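In the two complexes that follow, chain A is the common piece, with chain B as its partner first and chain C second.
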Partner chain A sequence: MEKVVLKLYVSGKSPRYKRAIEEAHRIREKLSGYDVRLEVIDIREHPEVAGDDNILATPTLIKKLPPPIRRIIGDLFDSDKVLMVLDLAPLGSKATEI
Partner chain B sequence: MTVTDFRNVISNVADSIVIVDQEGIMRFANPSAQALFGRSLEELLGKPFGFPRIKNQATEIEVISKSGELHTAEMRMTETVWEGKRAYLASIRDFTELKRLEHELREKGHVLAERVKELTCLYSISKLIERPRVSFEEIARDIMALILPGWQYPDITCARIILNGQAFTTENFKETNWKQTSDIFVHGKQAGVLEVNYLEERPESDEGPFSKEERNLIDAIAERLGRTFERIKAEEALRESETKYRRVSDNSPAVLYQFMMTPDGASSFSHVSDVVEATIGISAEEIMKDSSKILGMVHPEDQEMFREGIMKSAESLESFLLTFRCMKDGGVIWMEARGTPAPLADGGMLWDGFLLDITDRKRMEEELLKIKKFESLGVLAGGIAHEFNNALTAITGHTELLEMDYSQDEKILNHTKTMMQSAHRMAHLTSQLLAYAGGGKYNPRPMSLSELVADTLPLLLHTLDPDICVETDLQPDVMNVKVDRTQMQMVLSALMTNASEAIDPPGRIKISTRNMAVEQGSTNDHPGLRPGPYVILSIEDDGKGMDKETTDRIFDPFFTTHFIGRGLGMASVYGIVTNHNGNISVDSEPGKGTTVTIYLPALEAREEVEAEVGERIVSAPAIDLPTGEATVLVIEDEEPLVKLFRKILEMLGYRVLEAMTGEEAVELAKTFNGQIDLALLDIKLPDMGGKQVYPLIMEARPHLKVIVCSGYALDGPAQEILDAGAEGFVQKPFLISTLAEKLKEVLEGRTTIVAPVK
Partner chain C sequence: MSEKDRIEPQLPKCPTGIKGLDEITNGGLPKGRPTLLSGNAGSGKTLIAMEFIVKGALEYDEPGVFMSFEESDRELAQNVTSLGWDLEKLVKEKKIQLSHVKVDRSEIVEMGDFELEGLFARLEHAIDSIGARRVVLDTIEVLFGAFTNRAILRSELQRLFRWLKEKGVTAIVTVEAGENTLTRHGIEEYVSDCVIFLDNRIVNQSAIRRLCVVKYRGTSHGTNEYPFLIAEDGVSLLPVTSLGLDYKVPTEQISTGIDRLDTMMGGEGYFRASSTLVSGQSGTGKTSVAAFFVDAACRRGERSLVFCFEESTEQLLRNMRSIGLDLTPWIKNGSLKIQTLRPWSCGLEQHLVNMIKIIEDFKPRCVAIDPISSFLSLGTDLQIKSMLCSLIDYLKMNQITGLFTDLSSRDEVDLATTSSVSSLIDTWIMLINIENQGERNRGLYIVKSRGMAHSNQLREFLLTNHGVDLIDVYVGPEGVLAGATRLTQEARQKEAEMVHRQEYEQKQRLLEIKRKAVERQIKSMREEIEAEEEELKKRIEIEMLRESALTNDQVAMGKMRGIDKPVSGNKETPARESE
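Up next, the complex of A and B:
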């Protein structure tokens, strides 16, 4: 199975980030044919980590694997569109331009 | 517009502008973006930013600056072209400040809402506790409902008040670990506690589950509870004391009042108890409306004294006590007023005091005065009577001697007869005086009223107007009554005098006596009489009569009339009759005359009328005077009497020794060389009374016989000497025969129990 590594950067537990986390989980569900690893990092709790991936704003969702590395800032609403941007096609569908 | 112009715009715009290529790499960041990210252009360019995903829609992000600061921002993305390639322009607006302000506002709003709740709670409670005449229990229960909404979490709040041994709780009250309490103080002492509990755990801040404001609130409510309790208890105490005062005031016979005077002299009553209406005849209401009503009732002659009394009290700040007359119902009553002044803040004066009707007291004082006067008059009368009797003795004695010396001379005998009659009349008068002075000494003996009237009438007739005709209808078979002779004579005398004064001569007085039986069941006709036999004495005149008012008051000692009884008022008549268990009634009509009826209880069996020893009215001719041989010591201070005694005694055959003072008598008794058989002892001597002399002479001569000789009646000092052992008593003035008899009697040892003269 193809491995997918997703990292979601949030700052805090506000409703916005809760929503973002929920949406990230929805996206993962859509990737059923993949071996998905989703990591949620709260940079309020771990500020030092922000620098590793050069996080400038939250929420930021980064697809580390498979390459190419893609990142989305802001709302994760509409998981299909998100997958498109991340260049991840749910198995059995074509990637299209945004 | 040139490129430079556009560059200027981009460079200076407040929003952050970032251009990101299709790979998500930053290609441009304007100075605002550099500032926002806290990085220089070199640090930002070529670094991955990410795709701003949604076209033309704002999305909220948090920017992380280099220093780690977080900025809330709004990001909008549009497509653009950069260096000929497709790119994305993200415009980012920093909302941090705005968000902060929003948050602060919300916070403040929340805080404000809480304060408003607390204030509303406190205000409602304050309004609640101001209600008058509400019990503390009611207030406590109502407060419970108001407390809960004042706290942050009313749904899980419960409360309890413990005060004065009682507890008031909200329905949901439970003891929990999250509690807030505040002590309730009453008159400075801890008397209870207010508790507010949370039923569930609530987020804790530094202060615990309750905020600082809630701490203030509970303290404020507890403080109000304490003060309310104090106030309610004070109101209850005041009401109780007012009720008590009112009870006292209403039940007191004295009129309690509070009277005020302003500095300019205006006066008013702030309180007058209701009993004033019965006392003076004006209602309390009227007086409080207009104080001059009561002041105007003061007797005109007493008004000045009254006013001055109050003024003096106002100046000296001392209580006043005034006695004055008041006009009531056309008559006069006596009032006593007391008042204690207290100065008022405005310069006026307040008096608290009482008014009392002392008419009865005054009457009694006057009566007492009268009695005292009568008493002293009595003493005077007694003294006069004594002197009179002494003088009379000289007259009668010498007149008798005259009669003896000139027993054959008709002319002289005519004169002496008249002289004796007059003297006897005088003696009778003095005996009246003596009886009066003696204070009505009561010595009842059985006798016939018819006989008494018959005996007394001749004397009284002399005092009447000759045009007044006196008729008698005296039943000879009247039953005996037991009466004091002198007193009944006085009664007859008074009634005759009254009758004659009521008559405009000519006129008629009718005196009658008869028997009467009061039947069982007919006592209504004769109120005050028990059933039984009575003797009735009635005196009827055809004089001017009296109206009902006068008749009603005729026995009243203070009722001044035109009837001036000689020596006695109708009151005394009444007293004498009732003292004899009798009754007296007066029947009169103006213009139709008066009938006075006296009822006296009759004696059941006809008793022998005892002959009165020493009867002075009956002039029994002395035919044979008993003589004797003995030595008689005459102890008497009046020279004419001493001479008379000597003459009489020597005529009777006795040897006479004289002593004119008590001391002389004792001296003689001790030193006389010879027998002294008898002493005639006067009661009144200049140096000591006969009572003191008696034991001294008896000591000197134990076998001495003593006859007490006095112008006074038997009772009193004379009786005392008799009780001490004296053998006889002779009242002045006496007939020679009486003296002679008595001497013989005593010397021969024939003394019986000495009968009183009257």
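Up next, the complex of A and C:
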């Protein structure tokens, strides 16, 4: 199974970030055919790691694997769109015929 | 609290440690507030911001965070090693924190609303880790390139500046200047305590850097554009020159290094902290006057500085040695510094800032500039005058005595550079050429010297191999004579004197002869008389003898005849009456 590593950076527990975390989980569910690892990092609690992945904006979702690395910032309100940007097609879905 | 304090509450200031900037801002940047530093590319924003942090750590014991959005830590460190700042060391000592934030537009996709909490978190972490009091964000312009949602960006930046204020750090935020606006993205609306603008442009083929304090709430500040340069130890701004002419005026006089010239100048020489102009055509000896001036200063144990625009140091030293002046010992012991500069190497303003910086570093008491006419091609008359005015002002403010040589093309008194400065200077010495009988000699006279009685006589200015001589000239019917014609005249004079004396002596001799003759005459006449006297005496004697003989005869005869009566009353004849 293809390995997928996702990192979600949030800052605190405000509703915006709660939503972002929920969305991230939803995205993970849609990736059932993959070996997904989702990491949620709160930079309020661990400010020093923000530098590691060059985090400026929050929430930021980074796809580390598979390459290429993709980065999305914002509330991530549309999980399908997110998947498209991350270049991850949910396995088991039919490719739409034109 | 005094009246003044109540009326003008002063914002507390944070000194930057940047030469000249603290003077212009009356103490530094607003403490605990963000300052906007705007400028176009290459204007020096990063450097000024970095110096603020470095000086804060080194001189004011305030640790600082430098958050860079463009250059990496290593690039930053490399760029400033040439200025003598060891960033790595400062980082190790936890006096500085470098934070590089990579922002790559291409990677970021925006979906929905976001905050810049990452920025805040990293900044706070950096500040807290060393207890920073100073912060730089260089340059937040980059954020505008990275995020398309302007509204969010603006509100987040507003939040950032508020947050910085709450944190109590003094911050410099650098931005790009807009085409016609102060900033490209209108950030100046949010940072309103202090805005500084940097300009970097080419004027008259020279690059000029200028700094202007556009806004500084609550403080009176210099509002001009101040030229600055990036020197080898940081940024150097031209310090403000006094608007009023209120500097101390010393009465001490210092030697010019040429004895007779001291005498011509009220007996003592130049006034301390005065400005002297020595003007003259090529080859009249201006540089020598300047050299003697600094030599005299060094002899007094005072530091001197010479700015040389035409000759190399070696040339100058050699030329002075040929007139018996050896400046090398002063260079060796550090009293004298000769700074050679090429006039066309930069613009007028840069020259000014540069010279002032060198003066501030070396701290001389006497400064010579040879020649100021080098600046002629670098600007208009007004610009040159303004620059020289600033320089003279600066010297007076710092009680430094100045001497400027000026190459003129004619022997007359009003000329381009000269007329620009003649009203500013205290003493004006003119060196001229005296041409006569196919010869050129040098002359010196004092056109003016404020505050002292000075000689108005022209003197011949002789450069010999044992120094300088000022000797009287002859003013004859042909005009002023100097050089060989003077010598001729002197010789002529001597000859005339000799002739005169000879005549006199001759007359004396004649008189003597005459007297002797007369004396001889007298003598002979006397002898004559004496002789006659002698003769007369003899005659008398003879006569007397004859008479006495006659008497004797008569007596004898009388005796024989029996005359008893003495003929001459002789006592021995017995008295016949008693018989």
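What we mean here is this: the second predicted complex is superposed on the first by the 91 of 98 C-alpha atoms of A that agree within 3 Å, B and C clash if a C-alpha of one lies under 4 Å from a C-alpha of the other, contacts with A are read in each partner's own complex, and residues count from 1 in each chain.
Methods note: a contact is a pair of C-beta atoms (placed from the backbone, for glycine too) under 8 Å apart; a residue touches a chain by one contact, two chains touch by 3 or more.
Please read all numbers here as calculations on a predicted model, not as lab measurements.
Residue contacts after overlaying the shared chain place A:Pro47 against chain B and chain C alike. Of the two partner chains, both chain B and chain C are touched by A:Ile73. Of the two partner chains placed by superposition, chain B and chain C are both touched by A:Lys81. In the superposition on chain A, A:Thr60 makes contact with both chain B and chain C. Touched by chain B in one complex and by chain C in the other are residues 11-12, 16, 43-44, 47, 50, 54-60, 69-77, 81-82, 85 of chain A.
Chain C meets chain A in the complex at residues 99, 101-103, 107-122, 124-125, 143, 146-147. Those residues of chain A that touch chain B in the complex are listed here as 11-12, 16, 43-44, 47, 50, 54-60, 62, 68-77, 81-82, 85, 98.
Only residues 9, 11-12, 16, 43-44, 47-48, 50-51, 54-60, 69-78, 81-82, 85 of chain A touch chain C when the two sit together in their complex. On the chain B side of its complex with chain A, the touching residues are 23-24, 37, 47-54, 59-64, 68, 70, 73, 75, 90.
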